[in-house]
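Two complexes, one shared chain (chain A), two partners (chain B, chain C).
== the complex of A and B ==
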């Protein structure tokens, strides 16, 4: 196990390096650049042009810019926000990240709690009305934009009953009940797409495992149906489900931009939104790097837990 | 490597030879068969066709122009404005009709770009194999781990928005995941006897790819391409919703729902309902069609 962990950690480095390089290339590849766009849209004078380029680390040739970009990542210093003058890294870690982590954690938890059992039930009752319901709901949930559901949640109750979720973010210490509503409503909406994806995956994996010989053996031994389903079948079917959860968490993290903006939660996502709206490049770049690293770490944890969950998986 | 056991997408040597050749049933027969066995898929195809025709003939279908003040502001659905009017008194039905243009353009454009890139990368990487394949696949993995929404927004900040940027970025970001499936398909086709036979008569790699590999992996390409359209539409809607996608005054469904209009939606909820329905129904149709095509063309892909 130790050796495996070590190998996996060593492999983490090239992945991080490649992903960050990809982020750099995608951002700079297409013609036009930060300062030109900024000049078009704001009050900056021509005199500031070179200063600004230097400050943003885009004054040199592409290889030099790449060096500056990588150096800032290694040092953990993403520069200061053009707008507030605050160091991006400190703002992210002290005030933004906790909210986003809380939101993503609960969204993932709710998604799994809904998605996995629904998938199991649908598979054990294949082609029953419950199965059809689960399939239609999941394919529908995947096609419905989460931001639309969120908009409806804000708009319809206020139209019908003049009720709206509490606005103005409060921490758990300040007002626990307000905080719980503020986190749980968006977390529930965010979890829908994840739940739908997990339902589909769990269902199809369960169907596959349920047809295997060892399930027939377990039933032949006279084991209770529930024991067969949960202990024999689910444990084997869950592995791919774990891996899809890793991919989905990446989508959830990206989605926080939408949900934090709609529900005015001051997390990483709304920080990115503010950064993009104000063309605050250090903020945008810092958030991109942080979330990319975050997603890679999540995938790392998923891979390792794979190994822990399934003794058959050998690398 | 951290390759998940679920990932290796399985391989299509479809029984249905779409590329022509052997006794392939005619297109009419095939469509009839598809409609009979997959009614929901056929319905979805009809909806998609309707959306595309709406986009092409928007100016003939829409009763008003999308900028014209067609009536009183914030009025609910009525005979003259079946989906009500917005804060400027513009006819929402007409705006949704015109909005289908951005949806179709971005959805089809991004999916086409993603498919071309994914096929080019997946097929060459899988066909050449060896060290080249390993390196390309590591890069693909790294790209797959990018949080796409974040990267799109970052790109928008650096180079500005606009329809072609949206298509370019969404297409490029969708390509890696797709190329993974196509790569898997190529790997299996590569081992087939007919490829070996082709090599034996010294066919060039380019000829082997174009004449023998591509026709045999057409099924997963079509399925993945269809599903990619739905995803691109959702992504475009989310971007426009945030205000970074299609730039006004060009209408787009996501933009109709955008945050700035929310105080009006609280008194005029139809403004929130119809654009969202338009997005959901269209995406749902592409997903259903993709699923149906997968069942018909390539049953082994079901878990992908």
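== the complex of A and C ==
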């Protein structure tokens, strides 16, 4: 296990390196830079344009910029936002990341809490009305764009009852009830697609495991149905479900861009969106690093959890 | 003279020239300048110097003048635009103190230094927490008194500003309530006009020779050459007076906690991704203001979310899309119509020195061929409008009736389309494929317009390939002049000089079309020296006529109104605070709310 952990940590480094390089190169491949956008509303001269690019360190050749960028990263300096002048990492860690992590955590939790039990129930009551209902709902949830549901959740109650989720982000410490509404409503909407995917995966895996000989044996031994399903069947069915969850968390993290914009939550997603729109290279790079680390960590936890679910798994 | 006949529209606005901050003060100001119940447009015929003398006579510290309505009978009006206009007026009821005003902001990740940004959030807050030397009145954006209670223009090169002796900074370290002096003004103006790339508004002050302290309460500004538009950069919302100690303490003013001013509000918190909170400055030197205890800005990025926030009573003011107006009619809401005060240019065309636009016939044909009615239906669905020429600003833009008679700008006729097709054929451009660049920025405003103009252009024999670009990419190819044809709007505020100079003067920084015409350059240079407002308006008209005739680019602008929903509990609302603000936080001190 220790060797496995060590190997994973060593593998983390090239993954991070590749992600950083991709973020650095790809954002620069898009036409236009921050200075073009910055100076759009001013009467700038060619000299101003050149000077500002020099000030911001985006005037050199790409290899030179890349070298400077990597050197800064090694020193732990992720730069300052070109637009706000604030250090990117400080902004991310103290302000943005907690919101996005909370949103993603609750979306994942709600998705699992809804999806796994619904999948188990559907499998154990195969071809019953409950099974059909679960399948219809899960297909519906997968087919319906989340941003559309989010828009409806905002618009319709405001038309009908003059109610909308509270805007203007408040931390849990500042205003607990406001915070709960601000996080839980988008988290619930975000969780729908995950819940649907988990429902379908859990159902199909459960159906497969339920037909195995050892389940028949367990039933023959006279074990209670609940024990058979939960202890023997579900545990075996969960491995691919956990894998799917790991992948879905990465998708959820990316999806925060949309939900944070719609619900005006100042998280990592909206930070990235603004960063890309304005060619704020340090922001895009910083967020990419953060998201890459996040996805790697989630998948790491998923891999480790295999062993907990199935002792036969060897690393 | 004015493009829109307000008098034919709304009789209520005949009493509209009233000071916003205080009804008493407003009357004093009116009497001081020899006006009682006159319209703004009537007021404009009073010379600026007389206006200033009047203002000085009142010993007023600050003035916000409502600029509503009125009419000039010489101009045929565009009553279709304004028939139901409800223009906000200064209220005469006794103001109430207390309460919170809830506003919305729609841009995240802006920095807070008003002198180093071209964005709007920083000046919005700074203009509530501090003052400028001057500010701009509602509706017209004309320069009026702010920290400078009066100013003199003894010769064409000199302006002398007299500061309000009562002014003091808020009682917070490092300024601790000290008096605002001429040194602060000079420091701030020099900081804004620092000629380097990180001060994007510096070029507005390029005609300034010197800014000096005459005495503790007097500042003298000398120009290199006569330049009447100088009052615009001096009064715009970015030109905020800031204390040097605060800049020294923080290094810059980019963070919200560096908003420390001499205004009626104290900035308690400001972060553009979340919003801002302003609270009453208990030590404000003009104790009558502000009325509000608190102003809360909430950042809401999504348009649907903004509307939901208004409907759920989380915000008090919101600009409303034309198609949604009916759905905002409610017992607790007043809908105000704002004329366009911007000096934007909206242009269609390409570089005049490259094929096919180097052929004047092609440019004229495009001007004749585009269907402006179809374009506005796409850009502002549901809007009432009249076609404008170069400017949509109702004072500086050419009268709507004149525009309607200008070839290409009236109702599209078969004869015009045939003429355009003939011109294209004569230029040998029939069937030419042209890539038309536009952008999805501003809620598809640009791309919808561009898409709507294609059928008209194809009717005259051109083959248009629409290239919808991401905003920064669009600006990139534009600034490098690597495009064939473009359709876009270019924002400008306050004075027509900036867009006319930047966009079409041979040395203009936004002259992406390489238009070079000595006659035009001379006309633009000349208008900069005309002190008399009406004479200058005529000069600006002539420049527009010249542009419409020569057609370096085709224009698509309209006289129309922006509707703003305002909660009835909000009083004395004169400007577009909050999102889409073309003004600043300087209206906040005069506003109040019912409990």
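Keep in mind that, in the parts below, the second predicted complex is superposed on the first by the 250 of 315 C-alpha atoms of A that agree within 3 Å, B and C clash if a C-alpha of one lies under 4 Å from a C-alpha of the other, contacts with A are read in each partner's own complex, and residues count from 1 in each chain.
What we mean here is this: a contact is a pair of C-beta atoms (placed from the backbone, for glycine too) under 8 Å apart; a residue touches a chain by one contact, two chains touch by 3 or more.
All figures in this text were calculated on a predicted structure; none of them were measured in a lab.
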item: Touched partner set for A:83, first chain B, second chain C, both or neither; value: second
item: Contacts of A:279 with chain B and chain C, given as first, second, both or neither; value: both
item: Contacts of A:169 with chain B and chain C, given as first, second, both or neither; value: second
item: Contacts of A:51 with chain B and chain C, given as first, second, both or neither; value: second
item: Chain B versus chain C as contact partner of A:266, first or second or both or neither; value: second
item: Contacts of A:101 with chain B and chain C, given as first, second, both or neither; value: neither
item: Dominant toucher of chain A (residue count), chain B or chain C; value: B
item: Partner chain(s) touched by A:130 [first = chain B, second = chain C, both, neither]; value: neither
item: Which superposed partner A:158 touches (first chain B, second chain C, both, neither); value: both
item: Partner chain(s) touched by A:223 [first = chain B, second = chain C, both, neither]; value: neither
item: Those residues of chain A which chain B touches in one complex and chain C touches in the other; value: 30-33, 37, 151, 154-155, 158-159, 261-262, 275, 277, 279
item: List of chain C residues in touch with chain A within their complex; value: 108-111, 118, 196-198, 200-201, 203-204, 252, 254-255, 271-275, 296, 298-302, 304-305, 307-309, 311-315, 327, 470-477, 479, 491, 498, 502, 509-510
item: In the complex with chain B, residue positions of chain A that touch it; value: 8, 11, 14-15, 18-19, 21-23, 26-28, 30-34, 37, 139-140, 142-145, 147-148, 151-152, 154-156, 158-159, 201, 204-205, 208, 239-240, 243-244, 247, 250-251, 253-255, 257-258, 261-262, 272-273, 275-277, 279, 281, 284-285, 287-288, 291-292, 294-296, 299-300, 303, 306, 313, 315
item: Touch list for chain B against partner chain A, complex; value: 1-2, 4-7, 138-139, 141-151, 153-160, 165, 168-169, 172-173, 230, 234, 237-238, 241-244, 254, 257, 259, 262, 265-267, 269, 272-273, 275-276, 279-281, 283-284, 287-288, 291, 302-303
item: Of all residues in chain A, those that touch chain C in their complex; value: 30-33, 36-45, 47-49, 51-52, 55, 81, 83-86, 95, 151, 154-155, 157-159, 162-164, 166-169, 261-264, 266, 270-271, 274-275, 277-280, 283
